[in-house]
Every structure is written in structure tokens, then in C-alpha cells.
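Working notes, structure below.
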Amino acid sequence: MKAAIYYKTKKLAVNTLIHLFLISVAITCLYPLLWMIVSSLKTQDMIFKDISLIPHQFRLENYIKAWQEGGFGRNFLNSILYTSSVVFGIVIISSMAAYAFSRLRFPGSKWLFIMFMAAMMIPIPGSFVALYVLLNKLHLRNTPIGYILCMINVGLSTSIFLLKTFFDKMPKELEDAARIDGCSKLGIWWHVALPLAKPVLAVVVVFNALTVWNEYILALIIFDNRQFMPLQVALQTFQGEFVTNYPLLMAGLTITALPIIIVYLLMQKYIVKGVTQGAVVG
Amino acid sequence: MKIKGVLENYTFILPAVAIFSVFYVIPFVWVFQLGLFEWDGISFARTFVGLQNFKEIFFQDKSWWQSMWNASYITLIALTFQNILAFMLAWACDREIKMKNFYRVIFFIPPVLSEVVVGMAWRFIINDIDGANIINRTLTGMGMPNLVHNWLSDPNTALTTVALVHCWKGFGWGFLIFLAGLQTIPRELYEAARVDGASAWQSFRKITIPLMIPVMVLVAILTVLGTMQVFVLIVSLVGGEFAGHTSVPVLRILASMRGSSRFGYACAQGITFGMVLIAISFIQYRFSKGRQ
Amino acid sequence: MLIRNLVLCVFALFSVLGCSGQKTDSKPTISVWHWMTDRDPAFQALAKKYEALTGIRVNFELYAPSDAYSQKIRAAAQGSNLPDIFGILGEKRDFASFIKAGHILDITSYMEADNSAWKGQLFSKALAVNEFAPGNSYGINPGIFGVPIDIMTIQMVYNKKLFTQLGLNPNRPPRTFQEFLEIGNKIKASGMQGLVSGWGEVWMIDCLANNYAFNIMGKDKVLATIKGEVPYTDPDWIRVFSLFKQMQESGVLAKGIVTMINKSAEQLFANEKAVFAFNGSWCVNVYKGMNPGLEYGAMLPPAASERYPISIWGGAGSSFMVNARSKNKDEAVKFLKWLTGQEQQAYLAQETNNLPANKNSLARIPEILAQFSRGMDYATHPNIWGVSEFSLVIEALDRGIQSIIIGEKTPEQVAAEVQIIKERELAKKRAR
């Protein structure tokens, strides 16, 4: 009897500690988010005067103002277009390449893969100017296609790396079965490899979506037309040269953060449901 | 025929290689050869100076190596504190507890927030002059007034503080990947161990850790690559390089590009940076291969 | 099925948004790229007015923040895609490079037409920033290459209310450095914060150091140092560096000033948490937005020496240049002339609280702005000296002063380090 109570209390104690740990970390995560939201509801002169988290002002019109002044309508759609095209492109292109590097044999595969890996590790600062001149020569400057192709390249190496690591560990039985059934290589990739790779693909989607959604400097340099600009560029108009309109900026940032959180919410169940076939297990 | 098969294989990598060659290789070559020139980024004329830029980086540019040292320090803290925290959180969430989904969403909020907001918000929280000074107030409230400090304006603590904020922003990714990895360890292994009388600690040590090593290596490589390139957070937290104490390589490269208009030198710095990153990743890769 | 639908959606969005709708007008359109977020609404209003007047469309495109704007201009220059009117942010050296590359129109003839009608309207110091004088060290033929659209000065401001609390006369700001330090002691004793400024962004340190250098050793010696004739280890320079040490020790500098970006400094002063601030005349607009009731006054940096007058940096705040390769050169110049006309400048000054570049537009500016404009008499600017210091030397100087303030190095150490870098750069220059 005593032993049972002892173990029960021990388990309760351990669980409480675990919960305390999780909650304290969660609080630190929530604080800046709350600060951002609460600030977006204030007026400019109250932003730094009033430090409590409890909002005394509820200027929801800040959101409407931010939307209108920032020209969010068009830019929002642009961002969605760019992000979805880039993510879609990367998922297809990198999974095909990763599958090939992992499962198919052809001369030069090892060296090509190393090249992609090296690209992941060598950032090119100042590449904006190079890309600008390049796109100019290809007559793709100031076009959405040019921007999308550049952004696909940005996420390509890491995505290929992540996917190849996964494909390497994937058990071969399912593929062999499909091949015996007469499936083409492309078919195996589409019907067998991709569904198994759902968790990693979800990570790739979230990672690239975040990258493209938050990108602004390449867009600012490549596009000359306001109508092509993504959301982040529009957001910068609140960060004036001298005056930063903090409430509107915070409202804009909150609006900007929402779609990505939604994407994450949609994808995270794939990541964690996991696959029983040793996804990342050695 | 065999050749047809091989050609078919090439079509798989064709789109990737095509985009890569155009949008990465060409700019890379352009930047690479610029490291051998002295150029201000504007004129159409450039002067060829050979390896002089590289010589200057290696032998004369103290501030460059200081920035590398700072970035390595931040990366080290990220590899230890950030990833251990992420792992512990993932392990804590890898069980049937309430609010599991809630935590999964909350922990991913820091990576989603833009670095500008994170910098502003944390500066507000930590800074005692232009902020709410919450940390110091909490310390005093908890009865430890002698620990109160100018976390961001004291050169000795500024870098560590920045590193910790960066960890806060980054642990969400590690958490995600670790959780995915932990979830794929078959439950039967744990059951079998429990039946055999193993304690929680023993099953952790003998089952969890060995099976998670590949994931840990993956996270380590991505952490190094991502953290060495940090810079936006530093500007929003401490305004800049703080007399070199919070200098990082990307800030130095930007200073060369914009401040001194030495585009060629900036490219040389970029190349050097890339080489160091490759060396570190290579060592990590080899180390992991050895472990396995 | 989901995938296919997704693909179709993406392509549909694409075709709707992806087309670049180019409209061709019969009348020329002037394209202007700028970075001035706060003034964009005013610019748009003026553009409409100009179109109503002349029928010529002026397209103002905003690209912010200024760092990103700079990069865009440089990229566009590489691709020869510059707009009709744009600005160059940076040092005179970069300005010179743009001119040499053929991107900038020489507008001297326009300025001096009709007995210098246009030139005479603008403040000469503002114009000087956009001018290259005969015998300049950049190798540019003398001439005017840009148009200032406002002027600014960088001075100190002080909070009148906090002055009263410290027992000081709110209408009598400190005139000498000694008075300044004594106020610092009072500030330290009272627990308030002293001077705030964006000294995390090093160029502001450079500005103040330079102001005191002019005050202590005079313009000629400073220029001689830049030319390499006087070393930084000269006692006058060490005195300049020591001033920062003295300021720190007296308590007149706010805590953590070395980690502040200018925006944080502005916010602190606006919220009455700091007694002094070192900032430019643009701050009037910023403070008004954050705290309309702020009672403050402008003052010159307190003089540390009687030998030479204290100087401040001032001149053109923002300037526009005309693309030499533009097809609408004449129209662009005409527009800039209109933009700097008396009425338009007065309008801009009213809407955005910036000092006008046109001498005749000063009538209706608020008192605090007028105080700033009076500082123009003492103003100078690196872009009018005709020589530039090496950027690595400036960086070492600024970083060195940061180190002095946080107590890590002595003025003598910093002077020696700066001189070493200077000699290295001079040697490199001679070798070329």
C-alpha cells in the first residue's frame, strides 16, 4: 500500500516538475508575442510609456490603418503567390533530386551532391547585385518568375540535404515491391517515396515558407514596381527613416505572422504523426 | 538499354542542377573572382590585386577574427544550451501529457517572429534604461539584488545575452526535429526494457540516445550553419558591433561593402567565411561518421 | 487531386498577377526613387500638384529603409537601370564614383542660368554638400551635381523640465565644457540619465568627435590630419579623445549609450528619461509624434576651448540627383527646380517638420526648428572639405572612442592604434 502511494506521488512530482518546466518556457515564448499584439493596439505616444502587458487601449483601427497605408491587399496576395510557388517548386524539385542522389545511380552523383552541400555552407553576401545583373541579362528582372526562381534556389540545398538524409534511411522493401509490380522510377518516387517522406516534407515546407515569407531585400532590389512587392517590403514603410510608426508596425507584423502560424499548424500534425518505418532512426 | 536508364536518372536532377547552376554558381563565380580585385561597387573599372585582400584578412584584419571568435562563441552556446533545451523539451512532450499540442504550437512562435520584433521585444524586456527592466526587477524581487546587471550595455555580458536571446529564437526548430525523431522510436523497445527491469534513466541512455544520434548530428550541422550567419538580432539588440564585442562576420562583410565601399574585400571576406564553415561542417560530418 | 487543384490555383494566381501591366503614356513620366518614408505622403501630394500644373506625371517610389535603398541604387547602377531622379546615401567618395561612372548629370549650367536664379535661392552650405570645388581630391571637374531638398543640423537638445528639477535655469543651457561636466555630476547624484545618442551606430560618435576637433585645433589642422600631415597621436587629438573619457566619468553620458541605436535614444529623450540628447534636426518630427508636450530647447555642444569656435555638422539633409542617362533629363531638372521653390519648400517644412533648403521658406517654422536653423552659422560637413578620411581609420576612431567610454582603453592607446591604421592605409595608397 505504502509503496503504491510512494510511486504515485513520485510520478506526480515528476509530472509536476515537467509541467512547470514546459510552462515556464512557454511563458517566455508568449511574452514577446503578447507584447507585439498589445503594442499594436496602442497609440504612438503610449507605446513605450506604458509597460504593462494589459492593454489599456484597444485601437483596433490600427489594423485597418496598417492594412490600408501599407497597401497590404496587393502585397499580401503577392506574398502568398510567391511563397506557395516557391514551396511547391522546391518540394517537387528537391525531392526528385534527393531521391535520385539517394536511390539512383549515375556518374557524377557523388560530386554533384557535394556541390549542393557546399552551396549550403557558403553564403554569398553581396549576391544581390550579382543576381540583379543576371536577371537583367535574362530579361527576368522585375518579373515574378525571376524572383521565384531566385528564391527556389535559396532553399534548394538545405531541402535536398534534409530529404536525402531521410531517403537514405528509408527501408527498401516498399520500393522493391513497387518495382516488381512494374512501377516506373517516377512512379516509385511519386507513389512510394513521397508519401513515406511526409514528416520531412512538412519540415521542408515550413522552413521554406518561413524563408520566402520573411524575405524582403531581394524583392526590394529586383522589383521596380510596387504591385509586385511582397508583404515584408510593404511593412518597411512603417519603419521610417526617422520616425517609426510603432503601433502600425506592430499591427502589420502581427498580420504578417498569422499566415505562417497557420501554415505551421497545418503542417505540424504531419511532422509528429511520424511514420512507423524508422523515419529518422539509424 | 543501360544508357536510357542513366539518362532517365539525370532527368530527376535536371531541374535542380539547372536552377542551381544559373542562380548559385554564376553569382558565386562572380563573387569569387571579385575577391581578387579592389572595387568600390560603383565604378565600371576594377583593379586586380591578386591575393592581397586575402593576405590582409589573414594577417592584418584583427576585427575580422574577433568577429569570427564571437560568432563561434554564439554558435557554441547554441549547440549546447539551445539544443539541449530543445531536446529536453521534445523529450518532455514525447509522452501522453495534456496540452501537448498547445506546447507544440507555442514553442514554434519564436522562430516565426521576425528578428526585428524579437530584438525590440527582448531589448524592451532586458534593458534597464529604455526598457521595462523585467529581469533585473525579478531578480531583486526574488531577493538577489546583487545579481542585477546591465546585461546589454556591459561589454562583458552583452555577447552572452545576445547568444541567449538567439537560443530562445532558435530552439523551436530543434524542438520540432527532435520531437519528430523521438516519435519514431518504436514504443515496443521501451516496453521491453521496462519488462526487463530497466530504470527510466537506463532506457534513456541505452535506447533513446543511440537512436537519436543521427538526428542530433543533423540538428548540429544546421545549427552551426544558421548561427554563424546571425546579424539582424545583434543590430536590434545592441545597435551594432559594440566596439567589437558583438561583432560578427556578416556585419563585418556588410561594413566592408557599404561603409568602406570595398566590395572586392567584402567578397574576399565572404569566401574566407565560407571556407571556415565548410571546414567546420566537414569536421562535424566526419565526427558523426566515426560515431556511427 | 488536391495537388492538381493546387497547381491550377497557383497558375491561375500567376496569370492574374504575373503580367506586368505596362502602360505607355504620350507625355513623359518622371520616375523618382526615394527612401524618406515620413515624407512620402507630402511628396505624393506635391506630385499631383505638379501634374495639375504641367501635365507631367511624377512617380515617387519609396524604398525603405535607407540601407536597402542604397543597395537598390547600387544594383540599378550596375544594370544601368537608374530612375530619372534618385539620391545617393553615403560619402562624397561614393558620390564621386557615381559621377565618374557617368550616372549623374552636371546641373551647374541649370543652377547658374539667369544670373544664378536657382542657385541663389538655396542655402550655400546645403548646396556645397552637392558641389565639387576646384582642386578637390576626388578628381571630379568642379560643378554642382545634386539638389538639396532640405537642410539639417546635428546639435544637442536638453529637456527643460528636467533642468528645473536639477535646479538649473531652463533657459540657459551650458556654454562651456566645464559647465557641462558639472551638470553631469548633478545628474549622477540625482540618479537621472544624461546624454543619449545613437552611439551604437558609430557615425554619430564620429560627428561629435569631429565637432570638438574643430573646436580644439581648428579646421586647418583637422584637414591636415586627414591629408596625413599631422598624426593622430598629436596632443590635440589626445585631448579630443580625453573629452569622451571626461564625459563618461562626470556622469553626463547616459548608461549604455554605446549600445543605443538612434531610435532608442530618441524614444528615451521623448519620454523625458534623459536630460540631453545629441541628434539631428529631424528629431523635431520624431519627438512631436512620440510626445507632443515635450518641453525642450536646442543648444550647441558646449565648447571645450576658446581658441576656435565650436562647429557642428550641417548642410543638406537629403538631396536628389538626376540620372545623366535619363531620357527626361530636362523635365527632371525642371521638376527639381519646382520642388525647391519657396512654396513647395514651405509646404514640406510644415508637413514634415524638416528645415527647408530654400532661404525664403523659413517664415512659418516652429520655434524649436528655428533654433536648429540658427546653428547653420556654425555648420560644416565632411562632404564639403574636399578630402575624405580612410573609412578604416574612421572605423578605428569610432570604435576606439566606444572603448574609451566603456573604460577599456585610454585615449593614448586609441590614438596610437588609429595612427597605425592611418599609416598602413597611407602606405597602401602610395603603393598604387
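We call the chains A, B and C, going by the order they appear; numbering starts again at 1 in every chain.
Here, a contact is a pair of C-beta atoms (placed from the backbone, for glycine too) under 8 Å apart; a residue touches a chain by one contact, two chains touch by 3 or more.
Source: prediction; values computed, not measured.
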Maximum distance between Cα centroids and chain A occurs for chain C
Which pair wins on C-beta contacts, A-B or A-C?
-> A-B
Whole-Å distance, chain A centre to chain C centre, using C-alpha means?
-> 37
Chain A to chain B: how many Å between their CA centres?
-> 16
Check: chain B positions touching at least 2 other chains come out as 41, 130
Which residues belonging to chain C are in contact with no fewer than two other chains?
-> 71, 74, 267
Going by residue number, chain A touches two or more other chains at 48, 129
Using the touch definition up top, name the residues of chain B that touch chain C in the complex.
-> 40-44, 47, 60, 63, 123, 127-130, 150, 152-153, 155, 158, 235-236, 238-244, 255, 258-262
Chain A touches which residues of chain C in the complex?
-> 6-7, 10, 13-14, 17-18, 20-21, 35-38, 40, 61-66, 68, 71-72, 74-76, 78-79, 81, 263, 266-267, 271, 282-283, 285-286, 289-292
Complex interface listing, chain A residues touching chain B = 15, 18-19, 21-22, 25-26, 28-33, 35-36, 48, 51, 92-94, 96-97, 99-101, 104-107, 109, 112, 115-127, 129-131, 134, 149-150, 152-153, 156-158, 160, 162, 165, 169, 185, 189, 199, 203, 206, 210, 214, 250, 253, 256-257, 260-261, 264-265, 268, 271-276, 278-282
Once bound in the complex, which stretches of chain A touch chain C?
-> 44-45, 47-49, 77-78, 80-81, 84-85, 88, 128-129, 132-133, 136, 141-145, 216-217, 220-221, 224-228, 236-245
Any idea which chain B residues touch chain A in the complex?
-> 6, 8-10, 12-13, 15-17, 19-20, 22-24, 26-28, 30-31, 41, 85, 88-89, 92-93, 97, 102-114, 116-118, 121-122, 124-125, 130, 132, 168, 176-177, 179-181, 183-186, 210-211, 213-215, 218, 222, 225, 229, 250, 253-254, 257, 263, 266-267, 269-271, 273-275, 277-278, 281, 292
